[in-house]
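Below are two complexes that have subunit A in common, paired first with subunit B and then with subunit C.
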Partner chain A sequence: MIYLDYAASTPLRKRALHVLEKSLKEDFANPSSAHKLGTCLYERIEMYRKEILKYLEGHVNDRMVFTSSATESNNMVFFGLNLTSGDKIMFSRADHASITAPADLLKNRGIQQVEIKLKADGSIDEEKFWTSLDSDVKLIVFSYVNNQCGTITDFCKLSTEIKKKWSTVHIHIDAAQGFGKLPFSLKEARIDSLSISSHKIGGPKGIAGLYLKSNINLTPLMYGGGQENHFRPSTQAAPLIFGFYEAIRESFETIQTSLDHVQEINKSIRDNLNQKLSEIRFPYDKVSSPYILTFILPHISSDIILRHLETQNIIVSSTSACSSRVKGKNPVFDALHIPPPLHKFVLRVSFSHETLKEDVEFFCSAITQIYNDLKQLMKRRD
Partner chain B sequence: MYNVLLINVDELWLKGKNRPVYFKAIREHIRELIKAYHSDQFSCLTEDQRIVTESETPFSDETIAALLNIPGIHSILPSRQIPSDIDALEKEVIEELSLPGALDGISSFKVETRRSYKGFPFTSMEVSSRIGEGILNTFPHLKAEMRNAQLKVEIRIMKSNIYAATRKLPAIGGLPAGTGGHLISLISGGFDSPVASYLMAKRGCRQSFIFFYAYPFVGDEVKKKIIQLVSILGKFQRHSRLYVVPFGNIQDQIAKQCDIDYRTLLFRKAMIRCATLLAQRINADGLLTGDALGQVSSQTVWNMAALNQATTLPIFRPLSGFNKIEIIQLAKRIGTHDVSVIPHDDACSLFAPKHPVIKPSSSYLEKFDTRVPLDDLLKNALNESEVYDISITGEVQKSKEIKS
Partner chain C sequence: MIYLDYAASTPLRKRALHVLEKSLKEDFANPSSAHKLGTCLYERIEMYRKEILKYLEGHVNDRMVFTSSATESNNMVFFGLNLTSGDKIMFSRADHASITAPADLLKNRGIQQVEIKLKADGSIDEEKFWTSLDSDVKLIVFSYVNNQCGTITDFCKLSTEIKKKWSTVHIHIDAAQGFGKLPFSLKEARIDSLSISSHKIGGPKGIAGLYLKSNINLTPLMYGGGQENHFRPSTQAAPLIFGFYEAIRESFETIQTSLDHVQEINKSIRDNLNQKLSEIRFPYDKVSSPYILTFILPHISSDIILRHLETQNIIVSSTSACSSRVKGKNPVFDALHIPPPLHKFVLRVSFSHETLKEDVEFFCSAITQIYNDLKQLMKRRD
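What follows is the complex of A and B.
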């Protein structure tokens, strides 16, 4: 099988799997228990928490809250800030649903939305951004790497500039797609919170994190035993946290070599397909994470191509939930300036350090063949 | 509320000597269906040319609605169980007639009483006139009429209780399931084939559904849609099955090797042949399609004739004379409309020629058959098909049985 959907989820890293297996067997105690089995787990969790903060290069007093998913982390920020009617939030319609859906819910409570507009290459239209920012804006959300098109937002630079003028606005980063893949340092940023995910970097599913700056307070979504400093009560999933940490450790240890490798893969696909398929377009390749490559291949519905690839055991994403004959609009593609008639022709491939060059070469040949065959087949006589 | 259901059987005057067989079939169907919906014990007997089911606990609306889909039932009269007391009887009859909608469009009525328990202190006539008076007093706009009354209140006096029915719920009618033979029903995601299936179910045809799944040209969403459709159609059947035949490769082969204008016809021909193979395997007696004459260009009389040549079995096309609007109206009534409208990829339209053949050349078709023999491909596809069981309540589950 050739798996090219790493932006959706990744297989477990070997070391993470090993840690997880061992821990699931041995670390059954409750980390909140007073006996030595509990306290020992508690201490390990606290140690890893600090280590993760170190990878982020946050301040020693900053906090890392373990959650069940990046969706939960994002929701904690939206609903924990106690925004009130008349407040404004800024985000992009190209963001993940765990940003746009909570924002839409808050709209019903009188919280206004200010859309962060993107340019045709997927990057933020900064001119428009600055003019729409005012003192009523209480929360700004940026996706570090957009999950659909891969565009990178330089949140370090942007947040520093924003805070110079608007020091009290809460800046939240959804880093699920960039964390552990593209290096960044919170030393250079002035953000208040940031979501990270485990299963996007070879860690187990069901565990994620929310970085919170030291002075930030959030009203929790749940109440209970006071775990995670009251931010997220629930018995801590020690094995998942340990597996997550292992995946983070390995990702950060190899972050540059993986990036170099993926850059090469990405370039080779673009070169290869540009050569083979004259109609292909890569609208976002200038400002994108090399881990994600989105392209438009007109005439044949992406779902049909996806299934034909699937028959050859090549797994990609069409990023479009709507079937090719559905005329439904995809708001994310709208925000990314893809004209509606082209929505059904968008395909996304995404990579990891494990992606092999020969596999992507095979993918390029396969998709070329499929595309040409289908076009031939769907020709109608006039 | 309704502990007794009086069930009228349709078209019995036609049946003569077959009558006991039809009654038996319909009673068994009713028994099985009630068992699936009703948790308490019940009886189901034939009385005076109709079927009477009785239970200690009232039959739910869901049970009654399901019974109305049984082929061969003309109508159902849900009856209240009332203590043996004439005042209580009058009160409950009035109460029932006061329910919203109970008297919509009704201007005349009659009361019919049968006294099985002769110990009851009033005669049948006395009960009828007493209740009739009560109705006239409460609903002065109604007229009592002996002939052609629009509403009939049926009262049965038993030893321990009285049963009263004021409503006659129309059922789908027709002939009992299974008495009309076994058809292979070719089903697609459109409006027509589900309606065709319903029409033949009504005529007592047991059906096995076959769906030609053109993966990878179409995806899972089409299969899900078909499962939803057969789930609705399964309620007019007494257990049936769905065969999902992988067909993408076959369509691909045909499309690549035939004259473009013949594509649609040749796809359909392959489907007829495959359905015939299935019929032979499971001993079915005919095929059933949703063709309506001239609706699209592949549905010409000449194309239909060409398809008839592809099988030795009769092909039933109950929609031949239907207009599209009529089909859609029926689809709305049987509940398949809302599923059929869900958009989906359709492999035939992906491949559709701009000018499909209207009058096919038989010599071209013959030549194509010799040039592109599909027998093995069709057999293999049938062997590879996924089989789903459709329960009497319309639940669809992957069949546990090993592939035939």
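What follows is the complex of A and C.
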């Protein structure tokens, strides 16, 4: 099987799997228990929390809250800031559903939306951004790497510029698709919170994190046993946290070699397909993470191409998994300036450090063959 | 090591561990993805959801929502019902923190609290209950099995009686400590929601469930990709769900033999300690689940006894793990009619199907020895 949907979810890294399996057997106690089995787990969790902050180059007083998903992390920010009627939030319609859906819910409570407009290449239209920013804006959300098209937002630069003039606005980064893949340092940023995900970097599903700057307080989504410094009650899933940490550790240790590898993979696909399929378009490749490659292949619906690829055991997607069961038009495509008649021709491939060059070559040949065959078939029918 | 803190958390059942390990390796795709890897996982999740409903003997149209913890499940009910100022909620101060803490938060929003009073044996004072129930009560919470003392609440009987007169009140059951251990049938109940936990029955941590009667709608805590029928967005942690299901399956298949075994274990401890320690009291043993045994052993602080037991590798607790790091007085003990001077003498042991008779005999000898030695020491000091 050739899996090219790493942006949706990733297989567990071997070391993370090993740590997780060991912990599932051994670390069965409740980390909140006062006895030694509990306190040992508690201390390990606290240690990893600090280690993750180090990878982010956060301040020693900053916090890392373990949550169940990046969706939960994002929701904690939207609902934890106690925004009130008249406040404005800025985000892009190309962001993940866990950004746009909480924003839409808050709209019902009188919180105004200011859309961050994108240019045709998927990057932020900074001119429009600055003119729409005013003192009523209380929350600005940037996706570090857009999950659909891979566009990178330089949140370090942007946040520093924003805070110079608007020091009190809360800047939240959804880094689910960039964390552990593209290096960044919080030392160079002026952000207030940042979501990270485990299952996007070879860690287990069911665990994620929310970075919070030291001075930030959030009203929690849930109340209970006071775990996670009262930000997130629930018995801490120690084995998942340990597996997540191991995936983070390996991702950061190999971040540059993985990036180099994926860059090569990405380039080889673009070169290969550009050569073979004259009509293909890569609208976002100039400003994107090499981990995600979105393209438009007109005439044949992506659904049909996906099914044909599947019969050859090649797994590709057209859009974010979280949006894939949504019927009707895709607002992310609109925000990314894809003309509505082309929505059904969008395809997304995404990679990891373990993606093989021969596999992507096979994918290129397969999709070319499928595309040409189907076009021939269409012509004969006409 | 002799582990007698199964009410806090349990080791993974072998079959659940096996299923989980297999799934962690194989089921890496995103269950929301439209491709075959995703849809296969999606369908398996839907199948298990229905199977769990069957174990509960729920109606075919009822729902089982997978959440990250029973704390989350409980919070979903408290915050999902859209209670407004003047509404009343009924619960006991002996309930888990994930009941009392959301109730206290809602109090700040004008939702009134009506305390369900308990008798000295830990059971509900039904006379007081019925007189305090009125038409302003919109939510009643019962713990199926109290996590501190094990008292069982016959929610089937109670809910049926309540709904005869008050048909619209929402009845929620926190079944984290009873589910999979003590049989019950939703056919005989008239409840609206019920929380279940995985890590209390030999399943993995980080996964739990919320049963919802077919006609019940809840405003979700989070918004995003629409998973779990919009009740709970986030990439579904398929391996955890599969491990949880396996733990449920085995728990239900062996529910009676496990119960018989634990009943024997429980009785043997009580007999043994009653014989050896004349001052020991078991205030709740008449109406309690045999899985939990709480006792008061005066004169020597439970903290000291726990530490001494730990040096012999015997793991016991004094209270719920989620409350164990809370300093100051324990409101659960007050609700259970333990006089304040005795709070520091409370001990809780809890069991599973795998608790060995020789281990509990060893525990009884050890605690007797420790207790007598420490008392001697005290006398000599006096």
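In this section, the second predicted complex is superposed on the first by the 370 of 382 C-alpha atoms of A that agree within 3 Å, B and C clash if a C-alpha of one lies under 4 Å from a C-alpha of the other, contacts with A are read in each partner's own complex, and residues count from 1 in each chain.
The working rule: a residue touches a chain if its C-beta (ideal position, glycine included) is under 8 Å from a C-beta of that chain, and two chains touch if they have at least 3 such contacts.
Since the structure is predicted, the reported quantities are computational estimates derived from the model, not experimental observations.
Engineer: Regarding the shared-chain residue A:Lys25, is it in contact with subunit B (first), subunit C (second), both, or neither?
Structural biologist: second
Engineer: Now for A:Lys164: first (subunit B), second (subunit C), both, or neither, which partner does it touch?
Structural biologist: After superposing on A, A:Lys164 lies clear of both subunit B and subunit C.
Engineer: Of the partners subunit B and subunit C, which touch A:His35 in the superposed model: first, second, both, neither?
Structural biologist: It touches subunit C, and subunit B stays clear.
Engineer: Touching A:Glu310 in the superposition: subunit B (first), subunit C (second), both, neither?
Structural biologist: In the superposed model, A:Glu310 contacts both subunit B and subunit C.
Engineer: Considering only touches as defined above, state whether A:Ser301 meets subunit B (first), subunit C (second), both or neither.
Structural biologist: In the superposition, A:Ser301 touches subunit B alone.
Engineer: Tell me which partner A:Met378 touches in the superposition: subunit B (first), subunit C (second), both or neither.
Structural biologist: first
Engineer: Touching A:Asn74 in the superposition: subunit B (first), subunit C (second), both, neither?
Structural biologist: Touch partner of A:Asn74: subunit C, not subunit B.
Engineer: Any idea whether subunit B or subunit C touches more of subunit A?
Structural biologist: Here the partner covering more residues of subunit A is C.
Engineer: Using the superposition on A, tell me which residues of subunit A are in contact with subunit B and, in the other complex, with subunit C.
Structural biologist: After superposing on chain A, subunit A residues 310, 323-326 contact both subunit B and subunit C.
Engineer: Mind listing the subunit A positions that touch subunit B in their complex?
Structural biologist: Subunit A residues touching subunit B: 301, 303-304, 307-308, 310-311, 323-327, 377-382.
Engineer: Taking the complex as given, what residues does subunit C use to touch subunit A?
Structural biologist: Subunit C residues touching subunit A: 3, 5, 8-12, 17, 20-21, 24-25, 28-30, 32-38, 68-69, 71-72, 74-75, 96-98, 101-102, 104-105, 199, 204-207, 221-227, 233-240, 306, 310, 315-318, 320-326.
Engineer: Which part of subunit B faces subunit A closely enough to touch in the complex?
Structural biologist: 215-217, 219, 221, 252, 255-256, 260-261, 343-346, 350-355
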